[in-house]
Every structure is written in C-alpha cells, then in structure tokens.
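The same subunit A turns up in both complexes below, where it pairs with subunit B and then with subunit C.
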Partner chain A sequence: MRKEILKVDHLKKYFPIKSGIWNRTVTNIKAVDNISFTVHEGETVGIVGESGCGKSTVARTILQLEQPTAGNIYFEGKNLCLLRKKELRRKRKEMQMIFQHPHSSLNPRQRLKDILYEAMSIQKVVPKARKNEQVHALLQKVGLQPHQQERYPHELSGGEKQRVAIARALAVQPKLIICDEIVSSLDISRQAQILHLLKKLQQDFNLTYLFISHDLEVVRYISDRVIVMYVGQIVEMATTQSLFESPMHPYTHALLSAIPTPHPKAKRKRLLLKGEVPSPVEPPSGCRFHPRCPFATETCKKVAPTLQGTKDVEQNHLVACHYGEDIARNRSSFF
Partner chain B sequence: MTKDKSVMNMENRSLISRIFSNKTASISFIFILCLVFIAVIGPYLTVYDPNVPDTSNRLASPSAKHFFGTDHHGRDIFTRIIHGMPLSLYIGVISVLIGATIGVVLGMISGYYGGFIDSFIMRCMDVLFAFPGILLALALVSVLGNSLHHLILAVSIFLVPMFARIVRSSTLAICQLEYIDAMKVLGASDIRIIFKHIFPNIVSPIIVQATLSIASAILTASTLSFLGLGVQPPTPEWGAMLNEGKDYMYQAPHVAFFPGLAIMFVVLVFHIFGDGLRDVLDPKSKK
Partner chain C sequence: MASTKQPLLSVRHLSVSFFTKNDEVKAVDDVSFSIPKGQTLGIVGESGAGKSMTALSLLRLSQPGEIVTGEILFEGENILKKKEREMRKIRGKDISMIFQDPMNSLHPTYTIGQQLREVLYTHEHLNKKQATKRIMDMLQLVGISAPEKRMHQYPHELSGGMKQRAMIAMALLCYPKLLIADEPTTALDVTIQAQILTLIKELQRKLAMSVLIISHDFGVIAEMCDHVAVMYGGNIVEMADVHHLFEKPKHPYTIELLQSLLRKDRHTNEKKVRPIKEPFLRSEENGTGCRFAPKCPYKQEICAKRLPPLIQDEHNHYTRCWIASDDR
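Moving on, here comes the complex of A and B:
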C-alpha cells in the first residue's frame, strides 16, 4: 500500500443564505455534506459529477480557500484546518491548484517569466541567481518555448495559458496538484495534449493529482481511482476499471450511459434520468438520489445509505446504495 | 523571430518612451510639461505686478498692452493667471494625490477583506459622502487654523469616499478572478496580493477618476477661497479670480472668461492625459 498523502475526513461545507435586516442565517446551501476519502502518493484520483454537485467546493476547501464547516483535512498527517496562517502559507508549497479558466487564472499585467518567478520567490524555492535558468526549464517542461517568457498572457492561446498555469503550479515543486476542470474550456485536441503533459509530469516529478471534471472520458483516461459525487455526497468510489466496467450505483449507470459513442449507428440501452438535480438547500430525505432513481423503494426514501464496500466485487469498490450489489448482479437485465 | 524582438524591445522601454508611442498621451504630456514650465518660470518673466492695483486702468479690455485685459482693481489678468498657475496646479495635484492614496488603500482593503471591515469602512465613507463638503472644510479650518495646507487637506478628505467606492467595486470584481485564488494557493501574503495583483489591474478607473478629480479639486479649492478659507486675496488664485469676475460679467466679461478658460484648459489637458495614460498602461492595447 502506498503512502497516504491526503485524507479528507467527514468534510462538510455549508454556505449560509442570509436575509432580513439583521442578516440572519435563514438556511444553508449544503455544498459538500459529509464526505471522506483518501488519496495516496503518486496516484490520480478523479472526481466526477454534474455541475453544482460540490466538486469545486471540495477542491477549494482542501486548499483552505474556504473554511470547512465541519470535518478535517490531513495532508501528510498534518491537519490543515488547525495550522496557523503562517504555517499554512509555508505548507502551501506542497499542494497546488490549476484552475478552470486559463484566461482569468493569469494576471494580465505580468509577463510569463514574472508569473513563474513570483511563484518561486514566494516560496523561496530557487536562489535568485538561478531564476532565469529555472524559468526556462519550467517553460520547456510544459512544452513552451523559452523566448515566450517575454509574452503577456493575452498573447497566448487558451492551451498555452493552461500550460503556463501548470508551470506556475510546478514552480514551487509541489507533491499534490488539484486540477479543477482544467481541460473543459479547451478544444478536444488541446485537451489530449494537456492530459498527455499531465501524465508525463506525473512520472517526472512523482506528482499526485486530484482531478476534477464532469467529462467521464477525460477522467477515465487519467485517473487510477474515481469518485462519483451527487448533491454534495459521494455515491460511488472505485478503481477506474471497476467503476467503468461494473458500476453499481444507478446514478453512475446513468452517467456512463450518457457518454456519447463515436459510432453513429451503434445501438445501446440508455438509462435516462427523469426530473431535475435536487437543490442542495433542501436535499431529499433518505437517499438523495431516490426521486430520480428507477429502482427506488420505500426504504430509499427513509434511510440514507452509507458508503460501504461490497462482498462480490472488488474490495475497494465502495457504493452508497441499498441495492448496489443487486443492481450490479442483474445489470444485463436492466440495461 | 523579428516580431518577438520588437515585442521585447517594447516591453523593456521606460514609461516615458511608451507614453511617446501614444499620440494622445504624448501631446497632452507635452502640454502638461509646458504648464509646469510656465508655472515655474512664468512668474519671473511677467512685466506687471499681480497684486498692485492701478485704479486708472480698471476693467480694461484685452489689448496689446494687457493681453487678457485688467480686472476691477486695474490689475493685469494675464499676469495674475501666470502667477496663480503654480498655486492652482499645486492644490489640484497634491489634494488628488492625498485623497486618491487614502481612498485607494481603503477601497482595496474594503473590497479584499469584506465582512465587518468592509461594512465599517464603507459606512464611514457614506457618512463623509452625506456630509456637505463646505461644512467639513469649515469645521476643519476652524479647528486647525486657516492655511493653504489645511485647505488642501479638506479638499482631499472630500475626495476620499469617491475613490474608495470606485476602487472597492473594481477590487470585488478582480477578487472573483482565478489568479487571485492562484496567488493565495501559492502562499502569497495579503499585502502582496493587494498591491501587486489587484492594484495594477484597477489602475485605469483610478487614473480616470484622478484626472477628473484634479478639475473638481481646483474648483472646490476656489469655492473655499471665495468663502475666505485657505487662499486669501489678493493672492491670485484662479477660482477666486473667477468669482470676482462674475460681478462684472455684463460690463467686462473677460474678467471671468480668462480665469475660467485657464481652469478649463488645465482640466482638459489632465483629462486627456489620463485617457492616454490608461491606454499606455494597458498591455492589451499595444500594437
């Protein structure tokens, strides 16, 4: 078993909705509601889910951009939520984030070399004398030309900007990089290039990725393990192979059947969901998926399922469904 | 490759040479230099004394002898405008500098930290906004004593809330962008984020506001001079001259016209310069 690098323990993040003249908290948006998972060194964990299911909030809370409402986050055994501001700033060197929008994730007034050099100087990772050398090395690592260091972000394409954002994250020599929808604003050929680059960098620097996306194919390509989220909770967590080959949660089934097939005449059964994603302000009782689930029973309405392992399938395959095993066993008859 | 070289040269050039690559900015910059030059050298070159009355020659129309005519005491208006220039520029520029600095810092702190700090600062600004500027200046001058610098202080305090508001809203917009989060994730200090990453990106509204404020500062200062605060007659101050001239509007319009023209010219030059400077400072507008 590899070393645990990140442990998220019963994390909750509620955003208060305030109203009235006293600004009293009326209710909460339960963006992330009680989730736990671990990430091991050197692996890539993908998080998938619809927009609004709390994927990005998980990322932002892990990096302490948002204070968690409850729960703890351990990075290499250290509880990040208890660190003081100064200690946390030093600790930030170890974990970096790459953002969704390449256009707004770079300061438009800084040249590429200034962007990279600033990252290095904040964490003091490279002596001043070697900064130029290091900037060149970083640009080359992410597939840019050294002469582009004089450019401003607006002189680059979206893919190139995303490469700069990757270089900036690498500049402080982190162990964990959280990628929040980093390819979703790029066209398909650029996506492939960036994903290749990430894989290569992972080998070169022994990086660990937490890869957030709504694109299942992208997650399948890059991840070792996948977490499926629905309305602030984890519904299924398994190795990529196990999840894509024998999904257990009906929601995962629905997601997988929504992947477009490249063959125009291929016929397949699809599990189409009815209704809308419920509001995270007042999530449904019991299992949060029950109003849309084709297999829901009375139990599902009352009792919330816990995320647990199953006997039949692989050990690490966890699912939060009362009938996960039955559904997986009788898969062929349903789909 | 040649293109890259030219881009590189462009970036390495100083601010001054970049100003001269922009037509609007360079012309208005030359005008400002001329104004400063006149303000410094001009008073030594004039023929008449700006403050000595010549009652035999009251309200004379513009002529070869008196370019802008004479006022109700027979003083040469051209001379008085030249002598008043250093004072007006000084009041305008210094009070805007002070007011903008305080306002920008408060606005950035307010927008960046939010919450209680934000509410506290902005409510204070609202109080300042609601408070009549003249009353504020009267109170300040009566407490601190009547002098030019207290007048400047009063004008700059008057300008603070306007800057704080504009800067706060721009800061809020910038804080939504991912590069601010990226800097936080890198472990940058708040001071670094505020001054290195927020400030350069909100410079254009500040510059526009500052150039406009120079105009209103000169006008406010002249209103206060008219009330007997700060600049005292017979000191040639443009606003005071304008006010004096308005009594003779029908008999001798030139008495009010030329000081007004001078104020308008200075204000316009600063405003156009601000416009040009904004273009020069924006890396996206470069050809």
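Moving on, here comes the complex of A and C:
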C-alpha cells in the first residue's frame, strides 16, 4: 500500500446567501456536503461531475483558498485547517494548483521568465544565481523553447499558455498538483498533448494529481481512480477500470451513456436524464438524484444512501445508492 | 454528395480572406460542398481551420473577412448577389444559426421573451397573442419547463443549458430550411449535450430541416451527420459519407486526427494517443503546396510544390491528396 498523501475527512463547504437590510444569512448554498476520500502518493485521482456539483470547491478548499465549514483536510498527516498563515504558506509549496483558464491565470504584464521566477523566489527554491538555468530547464520540461522566456502571455496560444501554467506549478517542486479543468478550453489534439505531458511529468517527478474535469474520457485516460460527484456529494468512487466497465450508480450510467461514440455504427442505448441539476440551495430530500433517477422508489425519496462497498464487485468500489447492486447485476436488461 | 434533386444549399469555390495593409490571409480557400434537403453535413477540423468562417459566410456575416470568390446557392439563388435588405429577410428565417457561445450571444438586458418576439416581428406577421403562443410552443419544444415564467426572465437568470436551449428556440422560431450549428454543445456537460443533440435530431425530423454542424468532436459528428467534411488550413481535405469517412479515411490528416482521439481504443487500458505536432501553416508560409505537407508522414516531392485537387472516387469520397489510396 502506498503512502497516503491527502486525506479529506467529512468536508463541508457552505456559502451563505445574505439578504434583507440586516444582511442576515437566509440560507446556504451547500456546495460541498460531507465528503471524504484519500489520495495516495504517485496516483492520479479524477473527480467528475456536471457543472455546479462542487468539484472546484473541493479543490479550492483543499488548498485552503476557502475555509471549510466543517471537516478536516490532512496533507501528509498534518491538518491543514489548523495551520497558521506562515506554516500554511510553507505547506503550499508542496501543493500547487493549475486553473481552468490559462489566460486569466497568468499576469499579462509579466514575461514568462518573471512568471516562473516569481513562484520560485516566493518559496525560495533556487538561489538567485541559478534562476536562469532553472527557468530554461522548466520551459524545456514542459515542451517550450528556452528563447520563449522573453515572451508575454498574449503572444502564446492556449496550449502554450497552459504549458506555462504547468511550468509555474512545477517551479516550486510540489508533491501534489490539483488540475482544475485544465484541458477543457483546448481542442482535441492539444488536449492529447497536454495529457501526455502530465503523464510524463508524473513519472519524472513522482507527482500526485487530483484531476478535476467534466470530460469523462479525459478523466478515464489520465486517472487511476475516479470520484463521481453529484450536487455536493460523492455518488460513486472506484478504480478507473471498475468504474467505466461496471458502473453501479444510475447517475454514472447516465453520464457514461451520454458520451457520443465516435463511430457512426455504434449502438446507442442511452439513459437520457430529464430535467436539470437541482439547486444546491435546496437539494432534494433523501437521495439527491431521485428526481431524475429512472429507478427511484419511495425509499429513495426519504432515506439518503451512504457511500459503501458492495459484495459482488471489488472491495474499493464504493457507491451511494440503495439499489446499486441490483442495478449492477441486471445491467444488461436496463442499459 | 451527388443528389438527383437540386440540393438546398450548394457552395462553390468559396474563398474568404482577411486583408491587412500589405498582406492577405486566406481563412477559407476554395471550399465547395452541398447539403441536400433534410440531411446533415458536419465540418470538422482544429481551431483556425476555417470552419466558423465558412459557416458565417453562408449568412454573409464573415466581416471583417471578405468573400473573395465563389458562389453560395441557396434554393438555386446566389446569396452573395443579394442586397443587404434581402439578406436580412433570409437570416433567421430561411437560414438560421446557433452560435458557438450561447452565454454571450443573448442580449443581457432584454428578457428571453422580448428577444424571441423580435425575431417574429421581423419575419412573420403575427399579432401579439399569436406570437406569444408560438414562442411558448417553441420553448416547450426545446424542453424548457415553465415557459411562461422563463419568458420574463433575463439571460443571467438561466443556466448554461437553458440559455443554449433558448438560443436553439430562437433559431427555430421561423422554421428555417437550413440550421447552422457552430459548436452547439462545446460549452455544455455531457448529459446536457446528449439532450441537445437528441433535440436537434428530433426537430430535424419533424421540420425536415437541413443542418450544418461544426464541431471538433468526432463523437458528435459520428452521431449527427450524414456526410462529413474535414477542413485543414482553409481547405476541405476530405469529404465523404460518414460511414466511409470513419471506416476508410484516406487523407493522412484525417487518419492522424482519428488516431489522436482519446476514445479510440475503448477497451484496451493503454490508450494510444498520437498528438499532432504543431498548428498548421498558413498558405502564405507554405507557398503553393499542400497545407499538410510539412507534417505529413507520406510526404513526397510534389506535395510541397502543388496543392492537390479534390478528387472524387466511385463512392463519392473526395480527397485532396496526391498520394491517397485505398490500401493505406
């Protein structure tokens, strides 16, 4: 068993909605509602879900960019929520984040070398004398030319900018990198390049990734394990192979069957979801998926299912559904 | 793509260029295709291949790009010869478009109802009651629940999927003969994407529309289209029936593109991804040769010198390549 690097323990993050002249909190947006998972060293864990399901909030809360409402986050055994500002800054050197829009996450008035050097100097990872050398090495690592160090972000294409963002994350020699939708703004051949690069870097530096995306195929390609989220909660968690080959939660089924197959003759038997994702302000009672679920019963409306393992399938395939097993067993007749 | 009847739309030798002070950039270069009534043509290609410019030209909205040569025949009439006033009658009525970015294509300070009503007032002689009914029916048709409530809401009050549906409703309001959908689902989640694609297909059957879909997602193309055109650097490099294109691609670029798909080998664990190296060269950087030549694995001498013609084979499969053959 590999070492545990990150542990998220019963994490909750509510955003208050304030209104009225006293600006009182009327209600809460339950962006993340009681989720737990662990990430081991050197592995890639993917988080998928539709927009608004709380994926990005999880990422931001792990890095303490948002204070969690409840729950704890342990990084290498240390509880990040209890650290003081100074200690936290030191810890941040080991966990980096790459954001969705490379254009707005790079300072438009800095040259590439300054962007990279700023990260290094804040964390004091290299002596000043060796800074040029290090900038060159980083650019090369991510597949850019050293002479591009004089460029400004606007002179680069989307894919190149994303490479710079990756280089900046690598600049402080982190252990964990959180990638939030980093390929969704790129077109398909550029996506393949970036994913390729991430895999290579992972081998070279023994990195751990938490990879957030709404694109299931991207997650399938890069992840060892996958977490499926729905309205602030985890509905299924399993190894990539197990999840894609024998999904148990009806929501996962729906997600998988919604992917268009790139072949005109492919058989399409689709579990088309009706309606929209419910609002996290007032999530449905019981199982949050029940209003859209084709198999929902009275129990589902009342009792919220817990995330648990099942008998038939391998041990660490967890699902939050009352009928996960039944559905998995009779898969062929449903889908 | 021969059809016994006259096709609804046929584009012949269309070229669109951007002019700078002393330079010309060819965004679309000698593109020809046609769409028969009730059928769907897909255009695929990477960003910058000229897909969107081609689509915009069909509505004469390509400015600042200038249509240099070519003709666009819609129901036998050349659109490019029409006056601006006549053009305005066609846009939104006979040919309508779903734009790439639904989030920014709706007017932020008008309600959904007002925006839809404007289309009807421009094109159809309906009184207020009739117009409201048409709008409600259309919103219902595209799957927006509680249309009477949504009509009075502003775009920012709707979710992305809803806005996209409202856009589709607007495009379909006058029952167009041709619907152009420029990356209609790129910004959406897979579940919403599936809903929207199913919806477009259903409406196409009901209204006997022709559809032009632009996408870089081969999944969407495979699912929606009867014919596919692959664009590269402003040219159509390959065009065929959808089954033919996926089973027997002939142009090296199409082959490479299909291989770069992450989704290719669904059931092997180690997926082969072959990234395509750099973005393509523009014609002026590449002289007169084939646009793909600098990156083509099968490159020969002639490729760098002359642009190959679009050649048709016995299955109506067009390829723009000097060396494409069936046995590769």
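We adopt the following convention: the second predicted complex is superposed on the first by the 335 of 335 C-alpha atoms of A that agree within 3 Å, B and C clash if a C-alpha of one lies under 4 Å from a C-alpha of the other, contacts with A are read in each partner's own complex, and residues count from 1 in each chain.
FYI, contacts are C-beta pairs under 8 Å (C-beta built on N, C-alpha and C of every residue); 3 or more make two chains touch, one makes a residue touch a chain.
Treat the numbers as computed from the prediction; the structure is a model and nothing was measured.
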Given the alignment on subunit A, is it a clash or a fit between subunit B and subunit C? fit
First (subunit B), second (subunit C), both or neither: which does A:Arg89 touch? first
Answer with first, second, both or neither: which of subunit B and subunit C does A:Leu63 touch in the superposed model? first
One more residue to check, A:Phe99. First (subunit B), second (subunit C), both or neither? first
Considering only the touch criterion stated at the top, classify A:Ile122 as touching first (subunit B), second (subunit C), both, or neither. first
Put simply, what angle do subunit B and subunit C open at subunit A, by C-alpha centres, to the nearest 10°? 80
Where does A:Arg111 make contact in the superposed view: on subunit B (first), on subunit C (second), on both, or on neither? first
Minimum Cα separation, subunit B versus subunit C, post-superposition (Å)? 14
So the subunit A residues that subunit B and subunit C both touch are none
If you look only at subunit A, which of its residues touch subunit B in the complex? 60, 63, 65, 88-90, 92-93, 95-97, 99-101, 104-109, 111, 118-119, 122-123, 147, 150-152, 154-155, 165, 168, 172
For the subunit A and subunit C complex, residues of the former touching the latter: 50-52, 157, 187-193, 195-196, 214-218, 220-221, 241, 254-255, 257-266, 268, 270, 272-273, 275-277
Which residues of subunit C touch subunit A once you look at their complex with the stated criterion? 46-47, 145, 159-162, 189-195, 197-198, 216-223, 225, 242-243, 246, 257-258, 260-264, 269, 271, 273-276, 279
In the complex of these two chains, what residues of subunit B are touching subunit A? 1, 4, 7-8, 11, 177-179, 181-182, 184-189, 192, 196-197, 200-201, 283-284
